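Structures given as structure tokens follow.
Next, two complexes with chain A in common: one pairs it with chain B, the other with chain C.
And then the complex of A and B:
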């Protein structure tokens, strides 16, 4: 039964850490976006898009958590018997998206703030402004990939 | 897929036709004014005054429209932004000129009425303040400046502390025990002050006031010559009048809402005229003639030249753009590719001599977008929504229309990939069948089987295909670079910067494919005949050697040259990270599918009952809308990134100047033109 606890801890870690990161990222970007909208409400759609960019890490965390939960049979109601070793393996597999999601979402949020600054001053450069936060996201995607591949290939 | 060729046009005509020609050019909107004005010994018309006057009237009309918007807001639906501007039958000059002074007057009236309302509102605030000041004196039933009778004196004032009447009397008795012939009324106590009315025998008045003054007594600075209650009524009456007036003005303004359209027309009329006079002030002229020139797309050039020279006394010259001249860029694409122009433009238009990559980019854009969203139902929703919007609002703005067209295609691609990967609102069909109809499904079995495979069950396979698509995308980019080198007859660059890279990369790929390492990662086994292995090794080596020796071929110093070559060879890591970057195709595709399944699971938790169905429908609608929105955003951003960073990084710089013709740059109405 110990294994189950570790696996569940992994799923929770993935969702929680990445979610915290996204909440922070979307939060700071939202503050900047609100500032722009007070000056020029017509930029609402553009800054909203930029605000949402750091939100994806939370979704990736949810994704890994969901895959993990269905992998260990917690969702279907038929819990698998996990050895301590397997449980720890699943826990480790969940760590990349949790940790990288947390940190990358925070930095992506800060980059979004800077990009919102671009949109405030030069709205026609929106395409370029969008690119900077998207660069940060790459690493969250790579971490997601490792987590998914690891979780799905650990035999339960 | 092309950049339209530009020509330089120069027109010289007599001054009488000046305005007519400008109006014609403005209406056609195909000429970007660009005057070669190094030698500015020519005179120019001073139009600053006229321009300012027009600008003022334009602002006046805009202000009037704003006033109308505040007091009689237009009913606008959620989709009004799509509707676009109404189109005028005639020229804006002929439509607006006869009514302009009438509507300028109306605009003036509206703006001054708005000002009057502001004045009245300020007055009301002032009156309300005065009533508030009066409040503590309300018990007084004579005027505040009432002086008393023949034998008695009356005055009012405040003490800077709170005191009841009895306390006050004892305080006075303490200080001046011999004073007797007075009464003090405490009118009110509040705001750290005590408000008093005092009646005292004239002979004792001075002494009493002195005593009070020592306690901090002060007469009010402003005495009202009426009993406070009466004064308050008066002030209230005045507030009422002001409110009446505001209501009246508001009604008047609302009644003028019918002029909204006309005001818009007039605003645009003055906007267009301001632009015209702006240009007019820049044109060089002599006593009898003037000149104008600029860039015109070649396809419109001769038509424009004919029109001008046939209807006016004018000399028109056309010439090709000179080698070193940096002409503005206008893209020309077929209907499919034109939809991607917006994406290209937000990166940057092609600079001089660059290829317009819109067509190829749009194909990849649609392809990759579909892979990322990859849900048949979502794709159908996006496509249908875009199609309806385009058909229902034919007059919408050009760039908006192009974006919607692009998303229409992207939706179709999403539909296709959704069918390939078996996604229809995630696994909605299976969940519904299981929960509400009791269909038994084996694990891994589905009612809508994927035509190809399900990425979630086989993520490694999907990852391999993602990278394969990435390689195709990147090699296409490198291929375009090769084409550009050939076009510019730079054969050395073609061979060493393109062919060598192809040789090395393909060689490396074919070395990697049959290895055990690759097989253990991907569970795919490639068995090539041994000759392929030899060829691929030779190709990789030759390519690497070519890059090492010739990448820095512009340097004479061999040491430096090899160092540059080695550095360029190091770019292989750049290629690796570029290819890995396409793993986002897998990640985003999975994100859509998994969140959709989470939504379906949550909806089905209540189970098979009436209440369960209601919950399911609610969760289904809200959840899938959210998922669609968030993943549309993700697919849009990340497809852009793959184009901008990975694809364009191989061959495209951008930085061209956009073609901005002298045209009727209107805000509210459209008219004529091409």
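And then the complex of A and C:
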């Protein structure tokens, strides 16, 4: 495989793994949100926000994929000539958001489910309930930063 | 991929737990002067008032039905709730054996909504076709029927069936994946053993009776409990204190009603961790048990108010609440 294939694989990995994680997280939190809304529709807005939290990793993966595609010239239509080493470096640079995005979104989804349980019983504690899944976001942001810095720092 | 099949159901149950009675609600119910006031209070809190507004029993029965209607609505695997109906199922077995051997018994003695219907249970005992029954109760049904036919000893038949029920609960709990079921089974069996030992000691039962009635559990050594029960109530109390059941001993020394209350509270304490579980059937089981406990407590209060019993008398019997 030449460098371009590895770089493209990196972009796909970032978008796909983070997207899978977000789909799982939003899905599981959505089930819990639906359960609460079935009994108390007035809590819709609060549980919707909690459901959306694990969705950010998918956006981060997409962002890294766009930057990567832009870096290698696929978006502009002028594909760069990449050596195998450069391609592999870009692939590695995409891995942090792919892997951390997948795992953190799944765990954030579970934490959102638990927080939705808080909102179901104590809606006035919504602010505190938001903080628990938001803490998981930290690690997705760290991975995003590493991936962006690495992808943009690799000379193409 | 992790199993998330209970996430929706648990979230619904979390919302429904808001409607469970806490200690403050029970206090408000206690503050009602008459049973009619209690019924009105319950109605305000969403309990369905029957056609005859003074018919408390219909109201309680309807609430039990509503609990199961809610659980069925969740479309979850109902087999996780099997263990909760074992005592009722075995009670129906006792009723069926007595109906076949002695003649007709009160039709209302059978619990409805069990895994085996009243008709099937009667058919199984009449025709000795135990294949209709769940596997765990076939041997006990055969043995209890034979014993009843040969000895006409209803108490012995009860002991055999009750022991089989405890064994079935213990076995089911031992192999259960859910922690709540393991804790429930352990609580039910250990509390039943303590009751048997205490009553056996008070009434001077012999070793054979105790060995037939007591069922194995992790919290108690049956040999030591049997020996203590043969020595008397004081020895049972000493053994229970050694095993960490000091609260039971204290309650027992105070009064029988406090002891019964302690027994019921054990189940509620066993399910408390389910308040913080979001992914398994545990909170659903806890909700069913909490509702049963709530209905039982309301029944105690209503009966007390209907019979104009002193407040202290009723209060002594009020169970701990789940929420």
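The rule is simple: the second predicted complex is superposed on the first by the 155 of 156 C-alpha atoms of A that agree within 3 Å, B and C clash if a C-alpha of one lies under 4 Å from a C-alpha of the other, contacts with A are read in each partner's own complex, and residues count from 1 in each chain.
Rule of thumb we're sticking to: a contact is a pair of C-beta atoms (placed from the backbone, for glycine too) under 8 Å apart; a residue touches a chain by one contact, two chains touch by 3 or more.
The structure displayed is predicted, hence computed values, not measured ones.
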{"item": "Fit or clash - chain C, chain B, common chain A", "value": "fit"}
{"item": "Which superposed partner A:12 touches (first chain B, second chain C, both, neither)", "value": "neither"}
{"item": "Which superposed partner A:131 touches (first chain B, second chain C, both, neither)", "value": "first"}
{"item": "Which superposed partner A:113 touches (first chain B, second chain C, both, neither)", "value": "second"}
{"item": "Contacts of A:66 with chain B and chain C, given as first, second, both or neither", "value": "first"}
{"item": "Touch count on chain A, higher of chain B and chain C", "value": "B"}
{"item": "Chain C, chain A and chain B - angle at the middle CA centre, rounded to the nearest 10 degrees", "value": "50"}
{"item": "Contacts of A:121 with chain B and chain C, given as first, second, both or neither", "value": "second"}
{"item": "Partner chain(s) touched by A:23 [first = chain B, second = chain C, both, neither]", "value": "neither"}
{"item": "First, second, both or neither for A:52, with chain B first and chain C second", "value": "first"}
{"item": "Chain B versus chain C as contact partner of A:38, first or second or both or neither", "value": "second"}
{"item": "Shortest CA-CA distance in Å separating chain B from chain C in the superposed model", "value": "9"}
{"item": "Footprint overlap on chain A, where chain B in one structure and chain C in the other make contact", "value": "none"}
{"item": "Chain A residues touching chain B - in the complex, by the definition given at the top", "value": "49, 52-53, 55-56, 59-60, 62-63, 66-67, 75, 125-128, 130-131, 134-135, 137-138, 141-142, 144-145, 148-149, 152-153"}
{"item": "Sites on chain A touched by chain C in the complex", "value": "24, 27-28, 31-36, 38-40, 110, 113-114, 116-117, 120-121"}
{"item": "Complex interface listing, chain B residues touching chain A", "value": "343, 345-347, 456, 459-460, 463, 580-581, 583-584, 586-588, 590-591, 594-595, 597-598, 601, 630, 633-634, 637-638, 640-641, 644-645"}
{"item": "Residues of chain C touching chain A in the complex", "value": "1, 4, 7-18, 278-279"}
